[in-house]
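There are two complexes below, and they share chain A, which is joined by chain B in the first and by chain C in the second.
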Partner chain A sequence: MQPSTQPEKTEKSEETKPAEPTTPKKDRWAFVHEVEKLPGGEYVLDCLQCGLCAGTCPTRFAMDYSPIQIMKMIQMGMREEVLSSSTIWVCSSCYSCYSRCPRGVDITTLMMSLRNLAIKEKVAVKKEVKPKFHKTFYEVVKKYGRMHEPEILIKILKKSDLNELYRNAKFGWRLWRKGRLQIRPTKISNHAEILAILEKTAKEEAQ
Partner chain B sequence: MKYAFYPGCAVHHSSKEYGESCHAISRVLDIELTEIPDWSCCGAIDAVYSYKPLSSVALVARDLALAEKMGMDVVTLCSACYYTLNRTNKFLKENSELKGKVDAALSSAGLSYGGNVKVRHFLEALMTDVGLQKIKEKVKTPLTALNVASYYGCFLVRPAYLTSFDDPEHPKSLDDLVETLGASKVDYYGKIRCCGASLGITDENVMLEMSKNILLSAKDAGANCVITACPLCHFNLDAKQKDIESKFDIKIDLPILHFTQLIGLAFGIEPKELGLNKNLVVPNKILLQYARSVA
Partner chain C sequence: MSEEPRIGVFICHCGGNISDTVDVAHVKEVIGSLEHVKSAETFEYMCSNPGQEMIKKAIDEHKLNRVVVASCSPRMHLDTFRQAIKSAGLNPYLLEMVNIREHCSWIHDDKAKATGKTAALIRGAVERARFLEPLTPKSLKVTESVLVIGGGIAGIYSALELADKGYQVYMVERNPSIGGHMSQLSKTFPTFDCSACILTPKMVSVSQHPNIKIITNAEPIAVKGSPGNYQVDIKIKPRYVNLEKCTACGECAKKCPVKKPSKFEEGLAQEKAIYIPFKQAIPNCYTIDKDYCLFLTRGICRICERFCKGEAIDFEQKEEIISLDVGAIIACTGYNLIDSKLFGQYSYGFHPDVVTNLQFERLMLQGLHKPSNGEAPKKVAFILCVGSRSTATNACEYCCKIGCMNAIKHALLLDKSVPGAEPWIFYTDIRAHGKGYEEFYAKARDHHTTFIRGRVAEVIPKGNSLIVKAEDTVLGKQIEEPFDLVVLSPALVPNVGTKELAEMLGIDLGPDSFFLEVHHKLRGVETKREGIFIAGCAQGPKDVRETTMESMATASKVATFLGKGKISVSPEVAFLVPDRCNLCGICIEQCPTKAIKKGKKEVTIDPISCVGCGICVPVCPKEAIDLKHSTEAQLIAQIEGVSKEGDTPPKVIAFIEKMTAYGSADLGGQSRRGYTSQVRLIGVPSTGRLGLKHLLHAFASGADGVIFVEGDDSLFKEDQLRDRVIQLKKDLGKFGIQSLRIQSITTTIPQYEKITSLFDAFVERISKLGPIPKEKREELEKYLKGEQIATQHTT
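Moving on, here comes the complex of A and B:
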């Protein structure tokens, strides 16, 4: 009678554990070749799974898959799992992994390219604020030609979280008191130039 | 020495004191910084790049085209801008297809970029063009009472294919500078660990944890203060320090200075002129020790 609780337990632990990269996908090469064409992905097949990237990564503690797992998953063609992982969004682009990689795999630049791929394909991500941050940043730069932190923050902040709002308001006050909060954005004078350039590139990128 | 100056958005907004102190020491060292007229945002590492890579490259190419007209090396204060501008140069050099698209976009705004602009960090210019010897000659008050932890962060020293002026694993430029100013350098765990960068906006808890480890390791190693060479690193370590203290229920109280502010102090420039009154962690303790070394 006692073991009746056991199956429940294993079911639960399987649920929370991310899928182990064990079985290669049939169309694995399609994804491998796709990645090889991305900036940073040139040498993805050279990864020999030494683990220096995972050991050195400062944001490993907040990722679902570690960088070494992502590399293996790419080699195995696990496209959806890679693009929906939290890893590509938690990466802070610090280039520690690249600096220590004995095979010269530019993992950091690859993570940026994977983020771009995930945004382009509208892959559902675990933290929606991340793609929103990139889009908002672009919009603000397009609008003024310069960055304007308060506007970016206000646009991506969750308005329902009062605690968060209060904390940010307090933080803004601390900055403002020291003269470090620019409430008004600065707009560059030749803004038409930026618009002309971005219009042209946006057209190209839409293709 | 003359340079085309690319301040970067942060230096004009949330890190004004960095620009103020940079200009103050430039006057002493006879460095002439001419701001690139009408420069725009570089796209902040991957903020624009991850969304629209081509647009991000074209945006920076415009800045470089404007700088090219000035005929001088570009100097920037921000490590993230330093990386982004250099990366754009590399992309344009290596990818002719991309260069074609960028050229077309630039010409729609009546601009062109020949690819001949060299982009350098202000610290790099100080180390290689000005030299520590000249800096030493200008020191009025050696900062003998200070133990300074140099925080290099990421883009000042990494990736090596873009930033070759210091070692990515064992950088020493800031430490050499600290010793030149008469202070003692502090060796500690966090000096090349990432502070969290823009995760401060999208994933603040992760950033707070990362910056906490840097600050605590510097404090444990006996530092009186930390110096940074990037407005984003400074923002996370200085402006967010109070948030770190309240989240982890610890007391850190470690003043964070821009490296230009530390140089300015040794040069005998008034703290207010260096913008030290704008640092969120009030550097009173250092100033007291500084006053002692003056006396």
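Moving on, here comes the complex of A and C:
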């Protein structure tokens, strides 16, 4: 553990344009304790900064901070930087880091918890597609009781990126011909049960 | 006790330390009026010369035959006063000490209460003193020979040291040759000494030393006896070659038709079924591997026999068991590398070019090449912390301690054997903690070794090369680099059979499954069983330098143990009343040192192995066991003395284990950590000494609550104590005494806060419960006098 390397690290990886590194906060432990209470954050102080998570991460290239830096930032109490980082949204939940972490830190679950926290605190980054995706996904599932890919895609892309939508439409055509895609949405037979589940989780989440 | 006890009580002021809080004169008056007390004195400093003279004079004058000294902790001055009464002609065991400083004056402010408590404590001691008996430590002749289990560098060094001191040493080695892992190494860090060049002369010295007998291909199978006089059975496996006749000419191996992977070469080379592990092997003799030999597996061949000129091949050899008499045993069974196949992401076992550091040593000595195609590797990755410093399943939490320096050594050696080669070291933290190690690390940095701080995520075989994927945590960048060879530094784990050996020897394993020493800092080579010592990597990972130094320390400890020719054994041991024993054998299971043995017609307690913990005493249903210097009579008298009469309820008795827990309470006193004066401490060998009877006596004679305080490292383990207390609570329930009146706790020496705060909380609880009613006490007393009472009560 080398606290002094932290500012250096972010400085050198400037090409990914991270937020300006800031000095550790005085109330750093407050954030650490907050994270410790989140699912997956129990062992955040056990992290020995070996870097295995970052080395193993398949979506590391798209992150502004690597998972190991996120862990260190949590330990240093850098709340805003952590919650506004793209890392927590880029994580694809493949669980490679958790399965290999020598200290058993459940990084993947922690990333999900941090996403929730970021949304709750309304610091979810605008440029990130993922918060929107999550929202849309939820809406669609609520509507039909199951996924419907074309609708999710159209809802996300129709306002922001029509070119992308067009490219995806061509891809969707190919999928449809192979029978891998349904154009028309179908509802599941017992839709009410799904709604009950969603309602209950939302209620628990609110508590 | 034929003679009438004449007790002298000496109360120390301790220069105000005691007398400022305790009315010493009043205590003297109270105690002086007790039965059997012939003299009661106070003095400014009892431990000083005039104080001791005073005791001697009083012994002379009043014809005293028991002495009670009330002063500081017996941990401080027990020996001082024992010597004093010894020089006055009394047996040292006729002294009883009362701790009225650490356990009373230093922790209480209320003078009246402290005085009352002091009087109670001394009264208990006086009562106990009535039953004290003279005891003499037993002395026992020891066998002046040593068994060294394991012939690695640790075994070799301790054997040589001891043999030079004149002891007969037996060295037992499981493999056909001594030498251990060190014989497999190329060079040693940080000096680049050739490992074989410094080891083999020592191996030769061992084989030629008149005081050392090497027994190879052998393992101990049973250990009997007691410290100083162990009998060890050794099983010698047949090697099918006559040790005396074999000249190691090698003719047999040339003709042998069977090939097998060589264990010495870590599977990187082949050898014949009749083999010698390495050229400089001691004893220099061939061995037949019975799992591969055609004759021993299928009954045909015997070619080696035909070609051996010395007629050394002997297929008639049978397994042999010999018995050795030794005074001490050194267990130095060494380590193994953890199986790297457990960590699949490194591709070990899937690709031949992923090797362990031990295999890399062999590759270097064979002439460095890639195992896959024999080419010289240009770019080599060294991966540290494989399976160590991890809490994952199958992995080890501790540091392997040698991986960093080993990898640095390899990086430097690589530069020499393959010019222009590129060593990359992937590390988590570089630990260069020894003399010259940091400089060695600096040297590697100078020699263009690439250090990447980051644990390797995976090794992916791709064609001829291996892709290593990791994060450079300093740059914050992910890297994927191709390498020719990947060298892993696996964790060090205890050798195969360490657990079985520990059970056989009756010693403990630590949480890391290595042998456990008595004290991490102060007694690093001794084990809980006297006469059994440990050395080298069997105690924990260490490098060659540390191993040799530890081995010499072990040898010195063994010499100290055996050097006097005899050992003095504490007389405070359990003894049996044979008439009462019904051979039920319950005590045998309870004994932590296996001192109790069952014969055909009797049970015997070995006074040498017995450590006097007293765990066996209360479990005996026939009350056939008693403990010297803490006999039933002495203990019960003390309990009654402490709890009878005097001051206000509630009265709480804390039974405190005499070593660790007592030390902890002493430390609390030294730190002036005040607690309630209602608690009186009675030292016992271990809380396992106590049974239902003692509690009933305590409650009958005035106590309202009882606490058991046990040391964390005691032989009476925490779960045993818990079980015992649960049982006692049930039993007390039958007498109508609430289970809340009894409590147990374990502590280490620095954790005095834990016990003192328990005392406060417990007394508060007992105050709420209120004192035990007088009628109940009378009932208990009646019961104790032999009258059964109806057991259905609810209070």
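Note that in this section the second predicted complex is superposed on the first by the 167 of 207 C-alpha atoms of A that agree within 3 Å, B and C clash if a C-alpha of one lies under 4 Å from a C-alpha of the other, contacts with A are read in each partner's own complex, and residues count from 1 in each chain.
Here is the rule we use: a residue touches a chain if its C-beta (ideal position, glycine included) is under 8 Å from a C-beta of that chain, and two chains touch if they have at least 3 such contacts.
These numbers were taken from a predicted model, which means no experiment stands behind them.
Contacts of A:102 after superposition: chain C is touched, whereas chain B is not reached.
Looking at the shared chain after the overlay, A:61 reaches both chain B and chain C. Of the two partner chains, chain B is the only one that A:188 touches; chain C does not reach it. Of the two partners chain B and chain C, it is B that touches the larger number of chain A residues. By the touch criterion stated above, A:115 is placed in contact with chain B alone, chain C being left untouched. In the superposition on chain A, contact of A:92 is made with chain B only, not with chain C. Contact with chain C, but none with chain B, is seen for A:49 once the two complexes are overlaid on the shared chain. Residue overlap on chain A between the chain B contacts of one complex and the chain C contacts of the other covers 61, 96, 100. Across the interface of their complex, chain C is touched by residues 5, 8-10, 12-13, 46, 48-57, 60-61, 65-66, 68-69, 96, 100-104 of chain A. By the touch criterion given at the top, residues 9-10, 12-17, 38-41, 43-55, 58-59, 62, 91, 101-102, 104-106, 108-111, 154-155, 158-160, 168-169, 192-194, 196-199, 201-203, 206-207, 209-210, 239, 242-243, 277-280 of chain B touch chain A in their complex. Listing the residues of chain C that touch chain A in their complex gives 345, 385, 389-392, 395, 428, 453-458, 469-479. The part of chain A that touches chain B in the complex is made up of residues 39, 58-59, 61-62, 89-90, 92-96, 98-100, 106, 108, 112-113, 115-116, 119, 127, 129-131, 133-135, 137-138, 141, 145-149, 152-153, 156, 167, 171, 174-175, 178-182, 186, 188-190, 192-194, 196-202, 204-205.
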